[in-house]
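What follows is chain A paired twice: with chain B in the first complex and chain C in the second.
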Partner chain A sequence: MTTGLRHRLAERGVDRVLLLLVPAVLTLVLLFLYPMLYGVGLSLQPRTGGLLDNYRAFFADPYQSGTIGKTMRLALPAALINVGASVPIAYRLRGRFRGRRLLTAILVLPVTLGTVLVADGLLRYLGPKGWFNRVLMAIGLVDEPVRLIYNYWGVLFSLVITGFPFAFLLVLSYMSGIDPTLERAAATLGAGPWERVRRITLPLLAPGLATTFVLAFVLAFSVFPSANLVGEPANETRVMAIAAYDAAFEKYDYSMASTVAVLMGVFELVVIALVLLWRGRLYTGSTGGKGA
Partner chain B sequence: MSHSGVLPGKLRGGFRELRMEGVTRRFGQAVALDRLDLTIEGGEFLALLGPSGCGKSTALNCLAGLLPLSDGGIWLDDERIDGLPPERRGFGMVFQNYALFPHLSVRRNVGFGLAVRRLPKAEIARRVDEALALVELSEHAGKLPGQLSGGQQQRVAIARAVVLRPRLVLMDEPLSNLDAKLRLQMRTEIRRLHQSLGLTTVYVTHDQEEALALADRIVVLRGGLVEQVGSPEEVYTYPANTYVAGFMGYRNLLDLPVAAHDGARVILAEPGMRLTGLAQRGGRAGGARAVAAVRPHDFRLGSGRDNALQVRVEVVEFHGREVAAEGVTETGRVVHVRLPERVAPGDRIDLTVPVERVLVYPVDGPAADLGEVPE
Partner chain C sequence: MSVPIRRPRRRGGPYAWIVWGGVAFFLVNLLALILSVVVDSFATSWFGDWLPRGFTMRWYAEAWDEFGLGDVLRVTLVVALAVVLVALALGVPAAYALARRTFPGKRLVLLLLLLPVLLPPITYGIPLATVLYKFQLAGSMAGVIAANLVPALPFVVLVMTPFIEQIDTTIESAARMCGAGTRQVFLRVLVPLLVPGILAAGILVLVRTVAMFELTFLVAGPDSQTLVVALFSAAFTPGIRAAQAIDAMAVVYTMLSAALLAVALMFVNPTQIVAQVKETPVD
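Moving on to the complex of A and B:
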């Protein structure tokens, strides 16, 4: 290769450092791209009928198409709660104070627990004989145990417990990226605590919240273990992942299972696209602080 | 609604005096500000001067309400204000890093305080326009702060603070992030605004030149304590002690044996050096040793009757009309001089200095501990 050509390529960012991308690209193609395209292909080859018959069948059967709404009803509130609860806590925990690391560690602990362990704990704690119901009855708030497991609420609790740490860590890092002087400046200009949050912190945080919401949503959307363990997998919490599992391992219809999986991806992408579209209208530049 | 704009001379809600009494701020064991007593008169331009860590920013933040006091109180005329949160004090503040809201346009940055006060839209627009015209940024009103240069950002920050017609404007090293040329320009700008708007300004800086140029009164701080309060003229001409002298450009602080007293005159001498100066701080400098403070500018080539020293030139810097030279005396003492004549390293030169330009202070503690001594 001539030196001149090498310089011209380097100007466009083409040099030997690019080789560092090879392992990642190979992994992506072999372990993600190919299986995904294979799945799409599979979904277009139903046991009987034409190219799109699987998709038609899915939407024609309310027991199947109903899973979309059920999954959304779990994933959207779970993501909203996780992001929403992270904001005030991260707001309080930004900056330095003694014990911050310990507190952060405690808040992040649920990440290390498996979904199954959390589900097991929930079954005992929220069950009819669990502490939660016993306390409610002892103080006379209810006469008989509240049903919080083997239904929608059990799954939602589980999603919040396991999903919160991710959302919190992300929001905390976005929050730390906002220069605290901005709020001080707002205070000297006459803005009280709530005005400062509303006019300065939240607008600067919003793009980060959108990103966090997307990730929290994706995490919750593919819920499977908790929907089975603490939910009502035959009915109220029959989410898309369960529909796909049923198709694949109960009916051995891999083509239909692939169809459900593809549709999961499509609906996730629709929500993500909407959120990112909204995010695109926000200010996303520097927030003045460290990090971010 | 009010008919007056930003420009008219007297401010509404002006005050006679702001008193800080025994204002103390501790951070753990460290005392950042130690019983500061200070009275700021309405309309005054006051500079808090000192190196980093001297407590000047702490004092400003206490005034603004951004830091609670550990002890003491702040009164605005008869109203005690140190318990008020910053948003209820009605002071404007300009921050070192400008602290412009990055997601709001210049116009909405400047109008922020007015919008928070829920003033009518038309009045906000009019006052913002006036403030922007004042700092000559009208054509940038629609831009985001990130699209402006440093100097423009600083002008937005100033407009944002003064558009509220604050009772007091606090400025925390507002020029330190600007380059030298812009700094001079903005300095004039700040003084002009102060005068034309009839503001009361407290200005924090580590740059003695800035303080001298801008302020009506200077407070020199060190380690949380006040070293001297006075007009620029007083502080510059008669520094209260060697610390202030060092800060005011008396780069030579020579700790010498006292040879004789003659009224206010003190004669200091050691081999290769004889200095006669005026005893400061009222009386004569007692003790066997004293510190002579001399500005590099005040040395002349030649031999005088009262003052004479011989140095060997070590380092020479070219400064255009003059040279800055570092010389060493017979006893190994380093002397900084500025001379219109050209000298070269290795030269042996005779220096003299007028008696009235040598200030003699008693030896008191470490005076040289100034960090970077400005010249």
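Moving on to the complex of A and C:
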């Protein structure tokens, strides 16, 4: 390479430092990009029929296309609940007080439970003979056990228990990033507590909330173990992940499995894109919750 | 000696009580949920009563023998540690390049890093499993490690990049002025400064890999199952094994990941993952 060219490249930021990127990028191209493209290609080569026949078959069969709605019906509320519940709790925890660290640790602890233990616990605790139903019947709220497992609710509970700690940690982190002096300034100018929340904290927090929602949604969207264990995997909680798994490992139709996997990615990215578009219209400044 | 100043008590108000009430309700139910698994794992038999008839340790012994828990734990640790080491070795240099340079195509590289974190593991897990089966890597430990690298490596890069951006470039220039080569700058100046970040990223990857179910599930063979996958398989084929033995295994899993989280919390302040906290000074 001539020195002239090297100079011009260096001015644009291209020099030998970029070689450090090569191993990581190469690994991802091999292990992520290539399989992804291979999967897309595979989805376009159905066992029988033409290019788009797999996609047509997926949308024509209500048992298959219904999984989209079922996944969204679980993932969207779960993400909303997890983010929504985190906000008031994080708001209460934003200052300094004794026991703050302990309380944070307790709220984050469910991260360690793992989906199987949560599923197992839900089956025992919420089951017809579990403590929850026993207590309800003992105080006379209900006459017979409430059915909370092997259906939609069991999966939703499991998604909330495993997803809440993540959402809470992020929201707390964004909340702590908001300069506390702003709120005090507003108070000095005569804003009441509710007004301070509505006009100062929430607008500054909004971009961070959007990011948290995206991550909480991603976590909930790939629901697989709990939909199998505490849900009704043949019917009410047959989510896209189950449809993809069934196609691959029950019917050995890898082409169809790739189709479902691709569609899963597409629908998830659509939701993420919508949230991020909305987020782009929010304020992101230096004093904010660093949601940028 | 400082005179203790009486600070006004935080006024709760009804709204605060609702929030704390909700938290308490959640925590009580969660505790009961965990307890019902723990109690059952020690139970001789438990049908339709408030508490089981008697208690025993034998389910743990049974889980240990029957599930080959020793082997499973060994595989879990080897896989997790290998993923951490490889992800760090490849990710930290990449993060350095991303933190220090802007270059044409940088957005593409960032997209390549973001997608594995955003997409559901099943989406790329199924094609990846097919590819790995084609190259006969699936079912082996190497395949499991490779699959787990896909989310772990971008995670390391994304966590480390802001860390490196915080380090003043003049420190590097000074080292170069004193005659240090690139390798020396990296190993003797940057890495020591980055130790907290590297530890944080490494431990988070370790926790995530131990918990990663889908990818391992899709590519693991009988000898390369990690604990989560073994646990799921046991729980998903009920009737073959006593429910209590599965509970015992779930408890072992939770203890393991709780221990990891405790270690992680020693190195990472959970509220400072995304922002430097500006805390009010103690008065």
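FYI, the second predicted complex is superposed on the first by the 275 of 292 C-alpha atoms of A that agree within 3 Å, B and C clash if a C-alpha of one lies under 4 Å from a C-alpha of the other, contacts with A are read in each partner's own complex, and residues count from 1 in each chain.
The rule we apply is simple: contacts are C-beta pairs under 8 Å (C-beta built on N, C-alpha and C of every residue); 3 or more make two chains touch, one makes a residue touch a chain.
This structure is a prediction, so every number in the text was calculated from the model and none was measured.
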Partner chain in contact with A:262 - chain B first, chain C second, else both or neither: second
Touched partner set for A:169, first chain B, second chain C, both or neither: second
When both partners are placed on the shared chain, which of chain B and chain C touches more of chain A: C
Partner chain in contact with A:55 - chain B first, chain C second, else both or neither: neither
Partner chain(s) touched by A:111 [first = chain B, second = chain C, both, neither]: second
First (chain B), second (chain C), both or neither touched by A:200: first
Chain B versus chain C as contact partner of A:189, first or second or both or neither: first
Common interface residues of chain A - those touching chain B in one complex and chain C in the other: 179
Residues of chain A touching chain B in the complex: 179, 181-182, 184-192, 195, 199-200, 203-204, 282-283, 285-288
Residue numbers on chain A that touch chain C, as the complex places them: 12-15, 17-21, 23-25, 27-29, 31-36, 38-39, 42, 85, 88-89, 92, 95-97, 104-122, 124-125, 129-132, 134, 161, 169-170, 172-174, 176-177, 179-180, 208, 214, 218, 221-222, 224-225, 228-229, 240-241, 244-245, 248, 254, 257-258, 261-262, 264-265, 268-269, 272, 289-290
Complex contact set, residues of chain B against chain A: 64-66, 85-87, 89-93, 95, 97, 99-103, 112-113, 116-117, 144, 146, 160-161, 164, 170
Parts of chain C lying in touch with chain A, wherever the complex brings them together: 10, 16, 19-20, 22-23, 27, 29-30, 32-34, 36-37, 40, 47-48, 50, 90-91, 93-94, 96-98, 100-104, 109, 112-113, 115-116, 118-131, 146-147, 149-150, 153-154, 157, 207, 211, 213-214, 228, 231-232, 235-236, 246-247, 250-251, 253-254, 257-258, 260-261, 265, 270-280, 282
